[in-house]
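For clarity, chains are labelled A, B, C and D in written order, and residue numbers in each chain start from 1.
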Amino acid sequence: MATITFIGLGNMGGPMASNLVRAGHDVTVFDLSKDAVAALVSEGAKTADTAHEAARGAECVITMLPAGQHVEAVYLGDDGLLANLPAGTLVIDSSTIAPETARGVAEEAKARDIPFLDAPVSGGVGGAKAGTLTFICGGAEETFSKAKPILESMGKNIFHAGDHGSGQVAKICNNMMLAILMAGTSEALALGVKNGLDPAVLSEIMKQSSGGNWALNVYNPWPGVMEGVPASRGYEGGFLVNLMNKDLGLAFDNAVKNHAAIPMGSLARNLFELHAGQGNGALDFSSIQRLYRPEDK
Amino acid sequence: MATITFIGLGNMGGPMASNLVRAGHDVTVFDLSKDAVAALVSEGAKTADTAHEAARGAECVITMLPAGQHVEAVYLGDDGLLANLPAGTLVIDSSTIAPETARGVAEEAKARDIPFLDAPVSGGVGGAKAGTLTFICGGAEETFSKAKPILESMGKNIFHAGDHGSGQVAKICNNMMLAILMAGTSEALALGVKNGLDPAVLSEIMKQSSGGNWALNVYNPWPGVMEGVPASRGYEGGFLVNLMNKDLGLAFDNAVKNHAAIPMGSLARNLFELHAGQGNGALDFSSIQRLYRPEDK
Amino acid sequence: MATITFIGLGNMGGPMASNLVRAGHDVTVFDLSKDAVAALVSEGAKTADTAHEAARGAECVITMLPAGQHVEAVYLGDDGLLANLPAGTLVIDSSTIAPETARGVAEEAKARDIPFLDAPVSGGVGGAKAGTLTFICGGAEETFSKAKPILESMGKNIFHAGDHGSGQVAKICNNMMLAILMAGTSEALALGVKNGLDPAVLSEIMKQSSGGNWALNVYNPWPGVMEGVPASRGYEGGFLVNLMNKDLGLAFDNAVKNHAAIPMGSLARNLFELHAGQGNGALDFSSIQRLYRPEDK
Amino acid sequence: MATITFIGLGNMGGPMASNLVRAGHDVTVFDLSKDAVAALVSEGAKTADTAHEAARGAECVITMLPAGQHVEAVYLGDDGLLANLPAGTLVIDSSTIAPETARGVAEEAKARDIPFLDAPVSGGVGGAKAGTLTFICGGAEETFSKAKPILESMGKNIFHAGDHGSGQVAKICNNMMLAILMAGTSEALALGVKNGLDPAVLSEIMKQSSGGNWALNVYNPWPGVMEGVPASRGYEGGFLVNLMNKDLGLAFDNAVKNHAAIPMGSLARNLFELHAGQGNGALDFSSIQRLYRPEDK
């Protein structure tokens, strides 16, 4: 069991830290929200007045923050954690941020002999609570090996995508693919229904044929086809359109920097952004189905 | 075992008819190509000088033809098969054609008390030879039940999509989805590789995450990632770009007739058409990967 | 002055026929709507009980019909006009239909020595009333020369695009371009406004720069920027979204038949179809602006 | 006449500075390229060893630099020009950069009482040489008024788009529109030609109809249709695909930051990026025509 400091107790970070506590680690938490901290303390975590104090004595620091600027603020500069942690402390950032930002932090960490891993997750709030997240990691092989047992307290699949920043890249690619799957599945189902087909029958046929994909198979966007998914509860909860748009924004940035053509991903992003613009940003992303069947709203 | 007449012995129809012979049916075949007919006769099929003679005495007539106009020519009009078959003969058309064309044939069949099924297939030449095709059927429930045992001699999954034309509709939707999956997967892999990721590692991560889909999981378009797929043999064989474009053309026609918005499917179709225009029409459709990495050509 | 029979007195055909009457031609009209016929008769046109009777003795027959099937029904077959008009009668079809349909009619006309022109128009109801339509003609040079003076009674620009069907092709290309211009202009204006720019100032800058185009320059889609356009009267009147979608459907059909890649035109068509699906089909097509700023609805 | 310091003597900056000299201004230039400086000195400009020395005593400083990071390096920080120029010096940046970057410079300028204008140009190298550039300016009205007479020595149309950053925003919107126009025009022409139309005839018809736009009217992408444009000299010179992609990258960034949907602009950007990926980055941007007719390469 390890001495771990966890910073960032939001919708994702909170349950992730809980799972570390539950697994028996010695966990100290920090967040600007006193309520979030109190909840973790009630479960057995310690806390401290500042991030620096919280990190004192930690073998491993994990952060889960909203965006790149927060990650830079926590880690970089003379007041940042990296300048104040002992060499050898394992540092894992699970925020979803641009690969360049992750590489910038990794570089400063390297200069200080601090092993760093970018380790964004997929699996949503549900996965965070259930401890079944997927971690997609970028960094040195030995850092990955050291981090893996800790990450297994919070997730089920722990992947090593490659060097620093690769975790972020793989997540960007995966979530762009997911946006394409969801928009494409919604469109194919709507086309079938316009022709009089039963969406459940069409879903079943495509699942077992070459149209099968994650969105269709386990997260069907048509209301009533599948139980327990957002589509069957008014698109409440799940992975919000606004969060998908954040990830697709990272894909846009990345494609510009790398001169990559991403026509399908770009179109998906623009459809989700049109959808958000029509007031659906706080719905689950499978609600893109409604763009194709507005009569249903 | 049934007395079956099979018309249309092309790349798909030939092996389908072979499987009927092999299953023990009494099969009479017809095709304009004497070589194609001779091959089937050598396997035990009978033949005749005309389609009409070939169909005489059949309990079931199956057609596998290139396009809607051929289907109409064979079945409709005073010289067509429907006007000359006894009521009650089971008629199955496995050609991939527009749903309206299928419905037109079904209507004339109904007027003559001939049970008709549109039953397009997926699975390609490989599936036709192996007898593992998927049949997606449209027509009355009792017609489907009568046809199913015969179709099982040629395929593994036999779906009933709904009324007349529904088989064609479901195939159009599925193949449009497939085009989206293949273009999207190629794009996501290319984006990852531009960022320095290993395409095999990225494929593995996405397969086990929410980016998983048929194209990625069983037909990976990146050369060398998966054995036995067209991408690993120079995109030879498989499902040709030109045939995918034929199916996407049916999707376009259908979307126009139904005022359906299909932005993702349309973009995929246009990418495949750009790809064909650059001389790749006779390659497997997973060669769309090359549009994203022309340096590899 | 010529003896002219005009068939099809809808929103476009009615005012076109009026202009022929006003120009002094000897005009006989036919339509299934008695009111439409009565209106023209009150302006000085003659009429008859059937299209055939109306066409008797005409030097020139002009049709303006909703779609290809109507054009075929009027002209083709033993009961069609072509089988019953004397050789040498000038026949002009101004309907917007598929090029193949126009070519089919032209072929039968040629077999009967009837000079035929496909001559679709642009300019809308306003242009029809004002006699300022643009005619885009396909057919032989000498047929075009004979038709031109008659068309000049109804239009201002009379173009000869090429052989039979070319008028339809040029119209399809032009209207696809127009859809791209309108969607693109709406999008560029919305992007500027999201950044705080004044849409009128941005419009003025782009008009005088390389972003200038017909939609921006004379049909600005942003409410209040330009007087006298649909955008400044709640998108009433003008060229309806549904009619644009009809023309874009012809572009889709044509692209499929010719294996042409039309990514930009396809996306525009799908945006207009999404817009129609949200209940805007009967608004002017510049209302696509609202797709980009739904807060304004 | 004014005392002006001009920094950045590239393909654009060089001829712009020449025009200032020719107009009779007292011009001091600076660039890291000694050849570029020597050329201007031979035309009558002065120079200095550093940017700071070059700017000493200037009433007006103008910069023309490749990208945002260069602009920030020149102006910001303790070593930057803003920290070392006297209050009241007019500062104009004509680089094409992100609006936020321009706003950042403007903010620091304001804190030091230095009137600042972002003034990106359009018109290319040809316009720079001929002194016919378009300047699209963002900043205070009085700064614009002071700058206008100076800009008129280098350009023909001088627009005031709005507040700081607005010049950049308007240029982004205009160039995104231009990309849409060029891709759309290329596509419409290719569709017509696939149908057998003469590209010159189709161009003429669309120019005079509702398809008219800057790309079609003055920069026709089809080889041979128009004299004196890049399409008629193998797409040499003009506005390079790579530069268009730089501007479209700014549009992507901006759309992400503003949650703007830009489906048409995104598709155009991806088509230009696919085109660049196929080795055409150093051709004029009208070469996108070749994507639609690869047989011509």
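Side notes on the structure shown:
As a convention for this text, a residue touches a chain if its C-beta (ideal position, glycine included) is under 8 Å from a C-beta of that chain, and two chains touch if they have at least 3 such contacts.
This one's a predicted model, so the numbers in the text were calculated from it and none came from an experiment.
The angle of the rotation superposing subunit A on subunit C, based on CA atoms and rounded to the nearest 5, is 180 degrees. Taking the CA centroid of subunit B as reference, the farthest chain centroid is that of D. In this assembly, the C-alpha centroid of subunit B lies 51 Å from the C-alpha centroid of subunit D.
Averaging C-alpha coordinates per chain places the centre of subunit A 39 Å away from that of subunit B. Counting partners per residue, subunit D has 255, 259-263, 267, 271, 274, 277, 292 as the residues that reach two or more other chains. Residues of subunit A that touch subunit C in their complex: 263, 267, 274, 277-279, 291-295. For subunit B in complex with subunit C, the touching residues are 245, 249, 252-253, 255-256, 259-263, 266-267, 269-271, 273-274, 276-277. Contact residues on subunit B toward subunit A in their complex (touch as defined above): 99, 122, 134, 136, 157, 159-163, 165-166, 169-170, 172-178, 180-181, 183-185, 187-192, 194-198, 201-202, 204-206, 208-216, 219, 251, 254-255, 258-265, 267-268, 271, 292.
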